[in-house]
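Chains: A, B, C, D and E, in written order; residue numbering restarts at 1 for each.
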Amino acid sequence: DEIKQFNIGIMGGENARDRMTSNECYRAAIEAELGVPVKIFTPADYDGVIQGLLGGTLDMAWLGASGYAKIYLTDPNAVVPVLTKQNMDGSTGYYAFGFARKDSGITSVEQAKGKSFAFADPNSTSGYLVPGAELTEKFGKLEDFFSEVRFSGGHEQSIVAVANGDVAAGVTWADGLGEWEDGYNSGAFRKAADAGLIDMNDLVQIWQSKLIPEGPMVVRNVLPQDVKDKITKLTADLHETDKACAYGVAHGEAKDFVPVTHAEYEGVVAARKLQESNS
Amino acid sequence: MPDSAIPATSRPDMAATSHAYFELLRRRRLYGGILLILFVALMVSGFRLAESRNAGGFIDGLPMLLAFPAEVVAEAWEKRAALPGIFIEHFPSLIETLNIAAVSTLLGGIAAMILALLSTRGLARWPRLTGLFRRLMDMFRAIPEIVIALLLIYILGGGPVPAVIAISLHTAGALGKLFSEAAENADRKPVEGLSSVGATWSQQMWLGVIPQVAPNWLSYALLRFEINVRASAILGFVGEGGIGYDLKIAMQWGMGRYDQVVGIFLLLFMAIVLIDRLSDHLRNRLVKG
Amino acid sequence: MLEVRNVTRVFGSRAAVDNISFAIDRPAFVGIIGRSGAGKSTFLRMLNRLTDASAGQMLVDGRDVLALRGADRRAWQSQCAMIFQQFNLVPRMDVASNVLHGLLNRRSTLATMFNLWPRTDIERALQILDRLGIAEQAPKRAEALSGGQQQRVAIARALMQDPRIILADEPIASLDPMNAQIVMDTLKRINVEDGRMVIANLHTLDTARRYCDRVIGMRDGRIVFDGTPEQLSTGVARDIYGADAGFNEAATSTAIPTDHEPDRSYADRMLA
Amino acid sequence: MLEVRNVTRVFGSRAAVDNISFAIDRPAFVGIIGRSGAGKSTFLRMLNRLTDASAGQMLVDGRDVLALRGADRRAWQSQCAMIFQQFNLVPRMDVASNVLHGLLNRRSTLATMFNLWPRTDIERALQILDRLGIAEQAPKRAEALSGGQQQRVAIARALMQDPRIILADEPIASLDPMNAQIVMDTLKRINVEDGRMVIANLHTLDTARRYCDRVIGMRDGRIVFDGTPEQLSTGVARDIYGADAGFNEAATSTAIPTDHEPDRSYADRMLA
Amino acid sequence: MSAIDLSPALSDAVATRFARRRLLSLGIPALVLAYLVYAAISFDLAGLAGRARMDNASVLLSDFWLHKTHVTRQNRTGALSVAIDGEAKGTYPADRLPDWIARDGQTTTIDLGDGHLVTYLPGGARYDVPDYGVIDIREGADGVQLTAPQPLPDWINASDTRVSVTTDAGRFAYTRAKAETFRYQPGWALFFFALDSPFHYMSWPQIAASALWGDRVDPSMPNIVAMAQDFWNNPMWRHGDVIWAMFETVLMAFLGTFGAALIALPLGFMAARNMMPFGPLRFALRRVFDFIRGVDGLIWTIVLARAFGPGPMTGSLAIMLTDTGSFGKMFSEAFENIDEKQVEGIRSTGANGLQRARFGVLPQVMPVLLSQVLYFLESNTRGATVIGAIVGGGIGLLLTQAIQTQKDWEDVAYYMVLIVLTVMAMDSLSGWLRRKLIMGE
């Protein structure tokens, strides 16, 4: 059957206006390919995109691994993962980094004991799920280990909160490639440093997680197969056809978009199931 | 009995009267019709525009309306045994939310009293500045609480204080306008009487105006408190403390913590309904005497 | 024409109207007098079906109007116009619209909801207003009129109903003597000229004596007098009002005391 | 004591009080008469500093009270009590509190706002109320009192101020003749017994004749008469009121027409 | 004053009353004060004073009306870019740099004003700070080397990978990758025309002249149209999007409020004691009103988002739902307070239920209902801002996100001004409508 329009959901991380701008070329390309109106929606938090996908009002979105796990756990048949981002070094994953202000004297998570700690967003993989699970495993219940565990609302907010001294330490994501002073090659540090929000000199790294799989691009399961194929192909070829556009879609430099299946995310789904019980 | 039983004893100016009335009627129908068509057109085209800019359509969405609540309630029902525990766990947050509302209603109410008296024609301390105070109240009212709160979080860090300041400012503006309208209708004679004995402005207001308007003002303030409880919960939702924050965290996690969502929601809802009832009752008593 | 048979209305445990019966066989001007709480209003309201009766029948041309339900009841109400002490107009609507409300039962609901009246109806409303001497007030809001004028609008609404019976519940109690006289004269003229039956609750004896063909006296829900105005002696009045020997009839009077001429001539001018 | 020099007050382009001058050298009972709009109220309000003058001086013991500002002005107001036609009490507060308001200028603002009155003040207020015959009303709300009682509360408030001058702006215009007499008698007594100057606007000639030592007649903002009550002939009155030859003095009278005795004895009893 | 003997009972009674009142008038403020003190403690007001960051406040205040220009050199390639707020769309074309930047071969001189001079040299940079001296940076083999008058003041932050300098005139940072200078200047940069518009390079009189009689810049359209287009599509400020978003917000409020009023009118009738004889339905309706009113619009937004997805319709439906609860309650109360006489007058003519409602009830409650609806319209415009932030639409989304990223403060100021103006406009509009529709029928 035919589709009458195609809606893309874009997750938070930058301000809405910038999200619209950096994805405009992508939107236009899809519109040309599918021949139906394509719209971009930029809800204020992860949950808006997830609800849209679950309810069937959004047809496609780039998700974090945790967001995908949440959808999968709610309704395994709602969406399929099709593509993920391949980094410059060929890896398809990234890391969560714990960090603190340099002048706070904190250099490891142990030293942050009894101080306040910021996660990004409860639905964020690198901003909460994975670091939350790993740290809990190592230090026990985090609410007891730290004086206060708080959700800043997003990666950008976590970085700013730590840089401002509102919280003693926090986590955010980066690819772990390149130099700390530049905020690594890509990730939340790089964005914040490029934007002049922070000076990387002021921050130190205190912890690094295991490799976290990049979030998938998902499409809604009930879409006609040819639509799914067209979108997948267009996106997979984006780095070859329009480099600048791919930069915007990938939130920075990346090598390519490569196919992915549900199997890659079983670990994250399991982590999420685990977190659920010890809430 | 036929109509013709009424004798046609029209006076000569009857034709003119009748003509004038029909003319009036025509004009009134024309304006009424235009207004009606305009309103319907605005509503219909507005709705279609909103629908076209929405991700999902209205008709397509209707069958899904209950999907989310059903999901939530089903899970909460399964874990219903945990509810009392959830109530107890989140009760301190509820108290914080209520405290934010109460403090901002108090502070905003006091500011509103002063602003209202300063901007009421005939009572103002500095009659030339009434316009200024009015615009000030308009500004306070126009800025959404959430904006002030988010700005203040940046300066003051999280916590209840930004919420208190934000809600207080808004309350000062909103109540100030209502207070000043009530004061405008107050009887001026007592004020003049007090003025004639050499009373200061504050004495004139405190003894001459406030006793007159107190029941009305109190009733408005109670209504505002009710509104502020909601506002304070909502501010929690966008990043302050209180029960709204707890609700957001649980809600964002989604499946697996829906029991928390329902528990927190019920707690908040019961508090709101209780306050609503109480303030309704008190207000009725205040205004009726 | 109208036959009332053993009609009773009980409120709680008290009977406001207590088993009354009487018959009226021609379009007379009937006055009902009695002190406050005697049941006068309740009786009129039952006849107009604003209040339900507890028992009894009221036959109009042989049909029991108390038994009517739904649309039949409303059809009866439209034939039996009611005039209230407080006028009961819609104050925010104009006078002509208020008069047109008399037709609500006869026109389609949809058209009336949008205030769409046929031109002939409007013309008739204006004619009736003209007959009552207030045609120039037609475009004004009802609330902008004086009490006497408002009561005449209420009468116009009643006439618009083209009713068989006009019921008037203390129509002049809220009016000053001048206006009271105009209103009573109007009712009398309608009674005489159109031949419509008028039943009016009155709270003063002299008005009853002056305008009525027949007077019914009520006390505590019962009929204690039924006769011509001439039969209404002070003794009977004492009986009706339950007053002691100190009863002074003048105390209930609202008539303009002395010289009636200027008022009457004014009223005639107004009604010409 | 009081000397008024070329005082003028202009509203818009009209002079409500137009260059008036006079002097009063002893605590007399002065009446100001004149028709509505003559400028009587405006004059009193200027003296009490409720309204600002456009030009001129009012000297009290040599000091120009029109030039006072801020706290000085309020201090002067506290020495110059004002009684209003509509009493201007705080209706929702009790009588005793209203009387205590006379002290507002002498006690600290904060203390008065928290209702902290010394017991001696309260007792003095009660004594004054007692002197005016309404001590039992002390705990009642002012609005619960009759007009005459309220005016006496207003006088009590004035006495509480322990003023040098009492101004009364048509103090009896809203009262019935009975109460009017009591109030005027009270003012007269205060004038005679306490030796306080009283200046009263009056709208009836007979009251002025009966109570005043000196009468000032105003017309269109100017003083057109200044003399003793005895000099106040009907001709002069016509002049003041700008009336034509058909002027009937009785039309302005509010006195109780015939037998004054019972009222007077009642008033005496009340004031005993 | 003659001392007349008062009845002691009376004087005591009055004194007691005063004592009681005194207790009350001191007690209530004392209670309020005590509560505020408790709140201050429980809100940790003392701790807040320590946490408050007044430097953030000054950043915020100045960023409301300042803009900064980034002058960046990629040290490896030597490429220079001058961009307002560091954004690609604010980048000056290489041949039209602002006049305070001078290029001479490999050397770039940046005049920050007040004698502050930054110079990018091959393999390093220099910053002349008046009253301090010259800060000199050289790239060495093992990082960046700093030469500057000792001791180093705290406004210079140096490590061997990075040097940054912050002065009143601007900010300067040097790493191996790039040299960057920020110059702060007052005003909202590029507010009317962005750098890609020819009108940016004109002064106001020139713009006026070109609009009226100048040669066409774009031959296909008059200059005034081109100006409007350039303004509307300004890539920095995106006025078009912002105005649309504002409009979307007002639209949500309008649809929500009036939609709710239309639904609540019949429901209100059914919930009024004197209109609805069937008690259980009335009771049920009232509880439904209580429920949807008690659940805030925000929660409804989230519930509805599943069914309708993000967008303005979802927002307006959420407002509609909440307000149906409020209006249902308020309308039914208004119906219960009507003057029954009018209804009875209409009833006595044989009118049916609809007609009684239309003529007996509506004319008298209309002014009350209308003024309530208009009051809500104004406050919903504000509420729609918040709902839009959640549901992904309207000015609220732009605003909250601009605040949360904590750098686009000039945008925040812009949105706030727009919102305040719009709400005030709605306020006067509803006041005007109220006067117009209620005073004169």
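Note that in this section contacts are C-beta pairs under 8 Å (C-beta built on N, C-alpha and C of every residue); 3 or more make two chains touch, one makes a residue touch a chain.
These figures come from a predicted structure and were not determined experimentally.
Identification of common neighbours of subunit A and subunit E yields B. Within the contact network of the assembly, the step distance from subunit C to subunit D comes to 2. A summary of chain positions shows that the Cα centroid lying nearest the centre of all protein Cα atoms is that of chain B.
Subunit A and subunit B have centres, each the mean of its CA atoms, that are 38 Å apart. Distance between subunit C and subunit E, defined via averaged C-alpha coordinates, is recorded as 63 Å. Distance from the subunit B centre to the subunit C centre is 47 Å, each centre being the mean of its Cα atoms.
Work out the mean CA point of subunit B and of subunit E, and you get 19 Å between them. For subunit C, the set of residues that touch two or more other chains is empty.
Residue positions of subunit E touching 2 or more other chains: 51, 53, 56, 302, 306-311, 389, 400, 404, 406.
Residues of subunit B in contact with two or more other chains: 53-56, 61, 64, 67-68, 157, 251.
Contact annotation for chain pairs lists A-B, A-E, B-C, B-D, B-E, C-E, D-E, with touch applied as defined.
Of all residues in subunit E, only 32, 35-36, 39, 42-45, 48, 51-54, 56-57, 60, 248, 251-252, 254-255, 258-259, 290, 293-296, 298-299, 302-304, 306-314, 316, 382-383, 385-386, 389, 393, 396, 399-400, 403-404, 406, 412, 416, 419-420, 423-424, 427 touch subunit B in the complex they form.
If you check the complex, the residues on subunit E that touch subunit D are 1-4, 6-7, 10-11, 13-15, 17-18, 21-22, 24-26, 29.
Note for the complex: subunit C touches subunit E at residues 48, 50, 71, 73-79, 81-82, 84, 86-93, 101-105, 109, 112-113, 141, 154, 157, 161.
The touching residues of subunit C, when paired with subunit B in their complex, are 96, 119, 122-124, 126-128, 130-131, 135-136, 138-139, 159, 162, 164, 193-196. Those residues of subunit E that touch subunit C in the complex are listed here as 341-342, 344-352, 354-355, 358-360, 363-364, 366, 441.
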